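The two complexes that follow have chain A in common; it is paired with chain B in the first and with chain C in the second.
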Partner chain A sequence: MRKKRLGLTIAHRLAILAYIVVALFPLFWLLKVSVTPNELLYSEGVRLWPSSTTFQHFSFVLVHSDFPRFFKNSVIVSGGTAIIVTILASLAGYALSRFTFRAKYWIVALMLLTQMFPLVMLVAPIFKMLSPLGLTNSLTGLIIVYVAFNVPFATFLMQSFFDGIPKDLEEAAMIDGATRFMAFRQIILPLTLPGIAATLGFVFTAAWSELLFALMLISGNQAATFPVGLLSFVSKFSVDFGQMMAAGVLALIPACLFFLLIQRYLVQGLTAGAVKG
Partner chain B sequence: MASIHIEDIRKAYGDFHVLHGVDLDIADGEFVVLVGPSGCGKSTLLRMIAGLEEVTSGTIRIDGRRVNDLDPKDRDIAMVFQSYALYPHMSVKDNMSYSLRLRKAAKEKIAGAVNGAAGKLGLEPFMQRRPRALSGGQRQRVAMGRAIVRQPKAFLFDEPLSNLDARLREHMRAEIKKLHKELGATSVYVTHDQIEAMTLADRIVAMNGGVIQQVGSPLDLYDRPANLFVAGFIGSPAMNVFEARYRHAGDAAEAVLGDGTTIRLARAYPVAEGARITIGIRPEHVIVGENGRGIPAVVELVEPTGFGTILHLRLDGVHIKAFSLERQAPASGAAVDIRFAPDRLHVFDENGARIEAGKAP
Partner chain C sequence: MSVTVAHAHPEHRPVLDRLGRVLEPYLYTAPAVILIVAVMLVPLVLGISYAFRDIRLLNPFSGGFVGLEHFQALAKDRAFLGALKNTLWWTGASVFLQFVLGLILALLLDKPFRGRGLAQALVFLPWAVPSFLSGLNWAWLFNPVVGPIPHWLTALGLMGEPSNILSDPNLAMWGPIIANVWWGIPFFAITMLAALQAIPRDLYEAAAIDGANGFQRFLSITLPFLAPTMAITILLRTVWISNFADLIIVMTNGGPADRTQIVASYIFTQAFRRLDFGYASAIALVLLILLLVYSMLIVLLRQAMLRRG
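And now, the complex of A and B:
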């Protein structure tokens, strides 16, 4: 009996290990290529780790390429999108969770509908709309588009978090002397922090890695975000893998930092509602 | 403290009517209990007084002031919820002081009020704890503390003891009563538990189907239920009722059951000869004997409660319950005879409304 359990535990751990290896291997390869000197990249064949390592790609990317600008653009766009979406989704999610109002059903249906189109279909019309407004080739334009696409899903996400908080709480606060908005801000919002963290993280990463709209709406390096910028390492005749991978590694840093910051809330948030109390 | 006046209050959600015109006057300092089965509208009425539900039509006045369109925060009332609704991210102290902090009361005043309430409720050792680190009974106390800190015009209780176990409920019931005596605050208390209603209330408001069935003192409702609903709802085990026909018999009268059994009534009632009536008798007024005098019945089930004994009896297809303080009860299956104390019988007309004896037909 005990042996069997031990065996099962080992099998379970091995399965997890296998999964982790598969999931993280591309990241490892990213790191490996980013520290491999150019002259070894093709000459050494396939090796797990190069015979000598270098940080030359990193220094080139940071000093001589436009990468710092792409990076800054991405931070502005992703951060801006995440904050705006989370504020809007909190308010909208609260309304959907707590109020009954006319056309609520249709609003929800419309929001769902927006999630059903393949984005590619919408690229041309959106370009057509943004162009005369001067919002193509601008970070503002990109933020507007990202916000529009992320708000519906984020609203549903926030709504489910609000649904998990008993209505009695804000009613008690309102009887205690708070307006509804005060009750929302002082009682409900602090209890929704895990949900807010989850929403922030979700939207931030979605915007951080978005390529399609960034590629279509931005031309030139001035307003390019990092995924678009990565393509600048691809030239007509060659691909500079070392620099591309170094840029990739650097681009991982903010996402990692962000999740490190919110992970405490995130774990709570994603499991909230699974267990009562 | 304040009085509460409710005039022809109605509540409807679309075509679904919850309250059909409720009138109620609650005097200053009175403890009124709204009691009734689930869905009878008692909680809706309470929430309308609190301002948590809109009033479809009618008027609610607190202290003479019409409050229909006032926000809950401007009504100066406090409410204790069934779920306690304590703010999970605040300490007990912050929970209790929240309302005063919202009102920007002076720090010393807040501290004084909170400490006073904590002292009354024995909460001093827990002031820095979060609600989740408290037991059910302690949470309940914090909820009460939060209500009394502010000295509101009226207290509203929405089934505050329903989540507690039986022993704790009994204890808290007594505490609530003591607290009310001490503060003398106007209180409206919603419950579906008739024991809570009986023990706590100055006056009980029995509700069913969105209509008030009877308003009166607890013993009034127990001794003179206005209709069959109140008769069946107040009292445990419930009142026995039988359908019968009315028959004059000199100065007094008789009720004739379906099988021809006659039950003597103490006095005449203002009903026509042969009219359909329902008679009711409380289990403790059913006298069970074994000497052959009375209506023969068979004991189906014996439930000893320790305090007394509940007998389930059958007489010709009719089931009745008898309660006695005697422990020496007949065994299950035994043949017994039962008598009803004539002056303890309740008589209802065919619509279920109480009929008082003595008036001419």
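And now, the complex of A and C:
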């Protein structure tokens, strides 16, 4: 019996290890090629680690390419989107959690509808709408689009966090003379800080990864976000693998940082989203 | 203008105050709703109207109403018919593999063990990788110049000489599918894990006392508890993945010879490369109708099952 249990434990750990290896291997390879000197890249082939390493690809990408600008653009777009979405979603999520009102059913239906249809449908009409307003090729235009795309899911997420906070708290404050908005801002919001952090993280990563609308709405390097810049770099210099992968490692950094911050809330947050959205 | 009308309401609230209370929820929701309507609902309706018009960005004289012309062209478009088939293959294989591997991972992570927190963070990491980057990353792994996979396959005797499966018309679809599975396992695992942890632990203890072995406990406790989450996650994910074109756009752009083109990537190619917004919108409308039919079938199926059960 004990032997069987030991065997099961070993099998369990080996299976976990296999998952970890598969999950990390592509990222490891990205890192490996990004520090491999060009002259070793072809001669050493599939060696797991090069015999000497270099940061020349990183310094090239950081100094002689447009990637710092792409990075800055992406930080502005993703950060702006995350902050605006979180504000709008907190307000809307609070209303859905606390009020019963006539249009509530329709608002929920509208938000669910936006989760159902293929967003790629909107590529052409949004381009046609934004172009006369001067919002194509602009970070503002991209932020507006991303905010709208992310608000519904974020609203459901925030609603689930507000649902977890007892109503008595703000009712007590309102009896003491506070308006509802004051109670919301000063009592409820501080209690949902973990939820707000999770929402910020989800939206930031979603905006950071968005590709199709950025490709369609942005042309040229000036307003390119990281994915657009990286793809145009790949199609232009498709032999500089070291530089491409160094840029890839850079694109990975903010997403991984946010992931580490929010991964504690993942199981909690995604269940809320999966059940409702 | 002063509004201090006393009211016959039992609470004696002024009218303005009452109006404020009625309007309050709308003030909270208005910014989100206005934005969604302007940036999603209006373009959706516009896009549907484009499907019946000739809208090409490079042709200033286009814009006229063409009726069903786009749809007649679609019926004869071999690339589109191929894309329909590819969408089924892409969605089916991706969802199936993500679900099975995700469920196994969730079961492995369900019981506490030393280092679980770290293991969980590491195996969920692919989920944080931006989709364009996971596409590029896998495209590089499949590339015989810098990637190890073709060399491994050759060493195993599965491949004659190291070559890129992404340029082989018969194998190319496996590239985006593998990237998608790698990227999507954590989503299923996280969702299943959350559902697993909601199962009351004493159920397992009671079953163990009654002499049920591990497999029996899985069949009669775990599965029934997980079933609703599984069903809803698979259904939502099926719709989502069938619309998910990023990996294909990044890895193969639909090629070689349209063998990896799915409907969503075909829409994007028509709009982005050919700038033919009318035709792109017509394809999009067909996709929307297919998804609606799928959802209706699911609803009907569910009702039939409820009636039987």
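The rule we apply is simple: the second predicted complex is superposed on the first by the 238 of 277 C-alpha atoms of A that agree within 3 Å, B and C clash if a C-alpha of one lies under 4 Å from a C-alpha of the other, contacts with A are read in each partner's own complex, and residues count from 1 in each chain.
We take it that a residue touches a chain if its C-beta (ideal position, glycine included) is under 8 Å from a C-beta of that chain, and two chains touch if they have at least 3 such contacts.
Since the structure is predicted, the reported quantities are computational estimates derived from the model, not experimental observations.
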First, second, both or neither for A:Phe117, with chain B first and chain C second: second
Touching partner for A:Ala172 - first (chain B), second (chain C), both, neither: first
Partner chain in contact with A:Gly220 - chain B first, chain C second, else both or neither: neither
Touch count on chain A, higher of chain B and chain C: C
Contacts of A:Pro132 with chain B and chain C, given as first, second, both or neither: neither
Chain B versus chain C as contact partner of A:Ile187, first or second or both or neither: first
First (chain B), second (chain C), both or neither touched by A:Thr155: second
Which of chain B and chain C A:Leu41 touches, first, second, both or neither: second
On chain A, positions contacted by chain B and by chain C: none
Contact set on chain B toward chain A in their complex: 50-52, 71-73, 75, 77-79, 81-83, 85-89, 98-99, 102-103, 132, 146, 150
Contact set on chain A toward chain C in their complex: 12-13, 15-16, 19-20, 22-24, 26-27, 29-30, 33, 41-42, 45-46, 88-89, 91-92, 94-96, 99, 101, 103-104, 107, 110-111, 114, 116-129, 144-145, 147-149, 151-152, 155, 180, 205, 208-209, 211-212, 215-216, 227, 230-231, 234, 241, 244-245, 248, 251-252, 255-256, 258-260, 263, 266-268, 270-271, 274-275
Complex contacts: residues of chain C adjacent to chain A: 22, 24-26, 28-29, 31-33, 35-44, 46-47, 50, 55, 104-105, 108-109, 113, 119-134, 136-138, 140-141, 145-148, 151-152, 182, 185-187, 190-191, 193-195, 197, 229, 232-233, 236, 239, 243, 245-246, 249-250, 264, 267-268, 271-272, 277, 280-281, 284-285, 287-288, 291, 295
Footprint of chain B on chain A - complex, ascending: 166, 168-169, 171-179, 182, 187, 190-191, 277
